[in-house]
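Consider the two complexes below, in which chain A is the common component and chain B and chain C are the respective partners.
Showing the complex of A and B:
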C-alpha cells in the first residue's frame, strides 16, 4: 500500500482534531470562574435594590414585557411574591458561586443559566450587551468540560472521590462537545468585536477620533465626571481611546492568528474593558467580556505562564524544586 | 455523527456572522434567515455605535393632587432618572436599576417618532384631556385611531405610555403617600452635551422637553408600590 493511500484526508484529520483532545481547558475554567463571580458579585451588590431592579418593582414594565421579544419566556419570578423572589435571588448567587468553585460544575452551570434568565426576563428593559454575552457564553459552557481545571470537581476526581466523566461517557464525545463550545464562544467574541467595529466605522465621530468624548460627557455614562471631566476634554486621551478601541476591535481576528499577537490582543482588550468599566460605569459588561475572552488563551500559554511564574519563584527561593517541563497552573 | 454536529455548528456560525455585521456589509442575498436567533442569540453589537450617546435623557413625572377644597392642584416635576442615577454616580460598580428610565426614554421617543403626523397632532391637542379629566387607555386609543396607522404602532405607543404611567404613579405616591393622586403625566427631557468643537464653552446647550398628557393614575399593585417606594426612599 502506498504512503498516499494511508495518509489521512482533511475530513479524517479534522474529525481526529476535534475528538482526540479537549481544547482550552484552562481558558474555559477561567471563563467559568469569572462569569460565576460576575453573576454573584452583581447580585450581591444589587441586593438592596433587587425588588426594584428584578422583583415586584420591575412590574411597571409589564405592558412592555408582555409584548416584547421575551414574552414567551416563563415569567414566574416576575409574578412571584417577595419571599419566593428573594429565595430565587439567593439561589442564583449560590449557584453562581458553586459554578465558580467548580462543584457539580455542569449542573451548577445549568442552574446559574436558568436562574439568571428567570431574573433577567423580569426586567428586559435594562438589558445590556453584557447580559447577551453572559447568557450565550453560559449556554455554551454547559456543553463544555469547563470543570476539568481549577475546580473542586477536578480535586475530588484526583483524590478518587468522584467518578471521572470519561468512565461514564466516551472520551471522544466529551472532547467533541467541549471543542464545539470553545469554537462557539470564540466565534461569538470575534463577531462582537468585528460587528461593533464595523458599526463604528459608519459614524464620523468614531472616524474623526472624538466618539469617546460624548458618552463620557453625559451624567448617565460617566460616574466620575466631576472628578475626571478635565481628562475627557483632553484631545490626546480622547483620540487615543477612540481610535485604539476601533482598531483593536477591527483587527481582532487577525491578532488571533499568531501566539504573540494573541497575547497582545488579550492584554490590550482587557485593559480597554477595565478602562471602559471604570470610566463609563459599566463594569458588568467589562467583566463578562474579559471572562469570555479568556477562552482564547490556549492551554500552552497557560502552561508557559505557569512555568515562568514557577521559575521566578524558584529563583527567589520561594519554592525548593526546580521547575520542570510539566509545570501546570495548578502547581504554582 | 461528528460530521452532522460539524454541519450544524458551521450553519450556526454562518448565521451568527451575517446577523452580527451591519446590514450594509453583506449583500441581502448572502444573509441566511436568522429569525431563530431571537431572542436568546440576538446579535446587536452596536455598543455606542454608530453614533455614541451624546445627551442625558431623563424621565420627568408630574402629579395632579386633590386639594383641600376638592379641586385639583398640579405639583412640581420630579426627575425619576436623577433618583436612579444615585446608584450610578461615583460607584465603581453601579446599580443595575440605575439605567431603567434611561432605556425607557429611548423607547418613549422611539414610539412617539413611529406615530403618524396626524396622530402626533391629535395627541398634542389632547382633545379634552386635562388634569381634571385625565385620559385612560381607551381615550388615548381613541385619539390615535383617527389616523390610518398600523395597529402595532398604536399598541406599541400605548404599552410604553402605560408602563411609564405605572412607574410614575408609584413614584409620586411614594413621595406624597397621604394625598389623593388625580392624574399623572410624564415628560422626556433631552439634554445634549457640548459638541467636541465647543467643549470649552461654559454651558451645555439648553435641554428640550417633550411632555406627555394627563393620564389616570395606574391601578395599585401593593408589592410593586412597596418595592418602588423602598428604592425611591434609599436613592432620593
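Showing the complex of A and C:
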C-alpha cells in the first residue's frame, strides 16, 4: 500500500482537527468570567431602578417591542408581580456570578442566558450596543466547554469531587461543539469589526479623520466633556483615534492569521475598548467586546504568558520551584 | 489546543461533522451579509430574506453598535394639562426629561438614564421619515378617538405603513412616558400631554475653535396635544421611584 493511500484525506484531517481537541479553553474561560461579571455588575448597579427599568414600570416601552423584532418573545418577567420579579432579578445576578466562578457552569450559563433575555425583551428601548454581542456570545458559550479552566468545576474535578464530563459524554462530541462555539464567536467578532470598518469607510468624516470628534462633543457620549473638552478638539488626538480605530478594525482578520499579530490585535483592541468605555461612558459595551475578543487568545499564548510570569516570580524569589514546561495559567 | 484523544472518524461522525460545518458556514455567511454595507451579493439575496433569519435573535447592526455615528444632541421635553384638586385644569411649564439624566451621568450610567434620550432619538427619526408636508398634521391636537383619522391621513398623504407605524409607536411611548413622569411629579390627574423633541448638531470640526455644541440652540419640534396614557397602579408606583430619584 502506498503512502498516499494511507494518508488521511482533507475531510478526515478536518474531522480529526475539530473533534480531537477543545480549542481556546482559557480564552473561553476568560470570556465566561468577563460576561458573567458584566451581567452581574450591570444588574447590581441597576438594582434600585429595576422596577421601572425592566419591571412593571417599563411597560411604556411596549409599542417598540410590539412593532419590533421581539414581539413574539414572552414577557413573563415584566408581567410578574413585584415579588416574583425581584426574585427573578436576584436569580439572574446569582446565575451570572455562578457562571463567572464556574460552578455548575453549563447550567448556570444557560440560566444566565434565559434570565438575561427575559429581562432584555421587557425593555428593548434601553438596550445598548453591547447587548446584541452579549446575547449571541452567551448563546454560543452554552455550546462550549467554557468551565474547563479557571472554574470551581475544574477544581472539583481535579479533587475527584466531580465526575468529568468526558466520562459521561464522548470526548469528540464535547470537542466538536466547543470548537463550533469558538468559530462562531470568532466569526461574530470579525464580522462586527470588518462590517463596522466598511460602514466607516463610506463616511467622509471617518476618512478625513474627524469622526471621533463628533460623538465626543455630545452630551450622550461625553461624560468628561468639561474636563477633557480641550483634548477632543485637539486635531492630532482626533485624527489618531479616528484612523487607528478604522485601521485596526479593517485589518483585524489579517492580524488573526499570525500568532504574534493576533496578540497585538488583542492588546490594541483591549486598549481601544477601555478608552472608548471610559471616554464615552459606555463601559458595558467595552467589557462585552473585550470578553468576546478573549476567545481569540490561544491556549498556547496563555501558557507562554503564564510561564513568563512564573519565571519572573522565580527570579524575584517569590516562588521556589524553577519554572518548567508544564506551567499553566492556573498555577502561577 | 488542549488534550488530544485522537479519533478516526466513523462514517456517521463525518456526516454529522459536515452537517454542522455546513450549518456554521451558512449561518456565518448570512450574518456576514447582514452586517455588510450594501453590495451586489446582499442585494441579490435580499434584505428581507436576511432579516427573516437574523431577527430577532441574531439581530445586530454596525450602526447600532458603533457610538461613532452620533453627531447630535437630542432632547425630550413634556408639558401637561393637569386637573388639580380644585378641579381646575392647569397647564404646566415644559420639563426637560433628558437634562435630569445628564446630571446623573457617569462612566457607568444606569440603564434608565438612556430612556428619555432614546425616546427623543426614535421620535426625531420617525418624524424625519415622514414626508415633509405631513409633519404639520402631527403637530395638531388630536384626541384619542381621532388618532385613527390621523393614521389614515398620513398614509393617504404618502407615508408608508412602516413609517406610520414607527411614528405612532414612538409618539405613544413618549406620551406614556410623559404621563408616567408628570403623574409622579405633580399632584392631580394628568389629562393631556404635549411632547417636544429637540436636536442640535455638533458644529463642524473645522469650526471647533469658534463654536461649541453647548453654544448651539436646539431645533425643537412640538407634537400636538395628546390624551394622557395612564398606566396601571403597579406601573405608576414603580415609575414614581424614577421621578423621585
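Observations on the structure shown:
Throughout what follows, the second predicted complex is superposed on the first by the 332 of 332 C-alpha atoms of A that agree within 3 Å, B and C clash if a C-alpha of one lies under 4 Å from a C-alpha of the other, contacts with A are read in each partner's own complex, and residues count from 1 in each chain.
By our rule, a contact is a pair of C-beta atoms (placed from the backbone, for glycine too) under 8 Å apart; a residue touches a chain by one contact, two chains touch by 3 or more.
On a predicted model such as this, the values are computed, not experimentally measured, just so you know.
With the two structures aligned on chain A, chain B clashes with chain C. In the overlay built on the shared chain, the residue A:171 is in contact with chain C alone; chain B does not reach it.
Residue contacts after overlaying the shared chain place A:107 against neither chain B nor chain C. Of the two partner chains, chain B and chain C are each touched by A:195. Shared-chain residue A:135: touches chain B and chain C both. Once the two complexes are laid over each other on the shared chain, residue contacts for A:233 go to chain B and to chain C alike.
Of the two partner chains, both chain B and chain C are touched by A:53. Once both structures are placed on chain A, chain A residues 11, 14-15, 18-19, 42, 45-46, 48-49, 51-53, 55-61, 63-64, 66-67, 69-70, 73, 81-82, 123, 125-126, 128-129, 132, 135-136, 139, 176, 180, 183-184, 187-188, 191-192, 194-196, 198-200, 202-203, 205-206, 210-215, 217-221, 223-224, 233, 238, 278, 281-284 are touched by chain B and, in the other complex, by chain C.
Chain C contributes residues 1-9, 13-14, 16-18, 20-21, 24, 27-28, 31-32, 35-37, 55-74, 98, 102, 105-112, 114-115, 117-119, 122, 165-166, 168-170, 172-173, 176-177, 180, 202-203, 205, 208-209, 212-213, 231-232, 234-239, 241-242, 245 to its touches with chain A in the complex. On the side of chain A, the complex with chain B involves touching residues 11, 14-15, 18-19, 41-42, 45-46, 48-49, 51-64, 66-67, 69-70, 73, 81-82, 123, 125-126, 128-129, 132, 135-136, 139, 176, 180, 183-184, 187-188, 191-192, 194-196, 198-200, 202-203, 205-206, 210-215, 217-221, 223-224, 226-227, 233, 238, 278, 281-284.
Across the interface of their complex, chain A is touched by residues 2-3, 5-6, 9, 12-13, 16-17, 20-22, 24-25, 38-57, 81, 85, 87-97, 99-100, 102-104, 107, 155-156, 158-160, 162-164, 166-167, 170, 193-194, 196, 199-200, 218, 221, 223-224, 226-228, 230-231, 234 of chain B. Contact residues of chain A toward chain C in the complex are 11-12, 14-16, 18-23, 25, 42, 45-46, 48-49, 51-53, 55-61, 63-64, 66-70, 72-73, 81-82, 123, 125-126, 128-130, 132-133, 135-136, 139, 148, 166, 171-172, 176, 180, 183-184, 187-188, 191-192, 194-196, 198-200, 202-203, 205-206, 210-215, 217-221, 223-224, 229, 233, 238, 245, 276-278, 280-285, 298-300.
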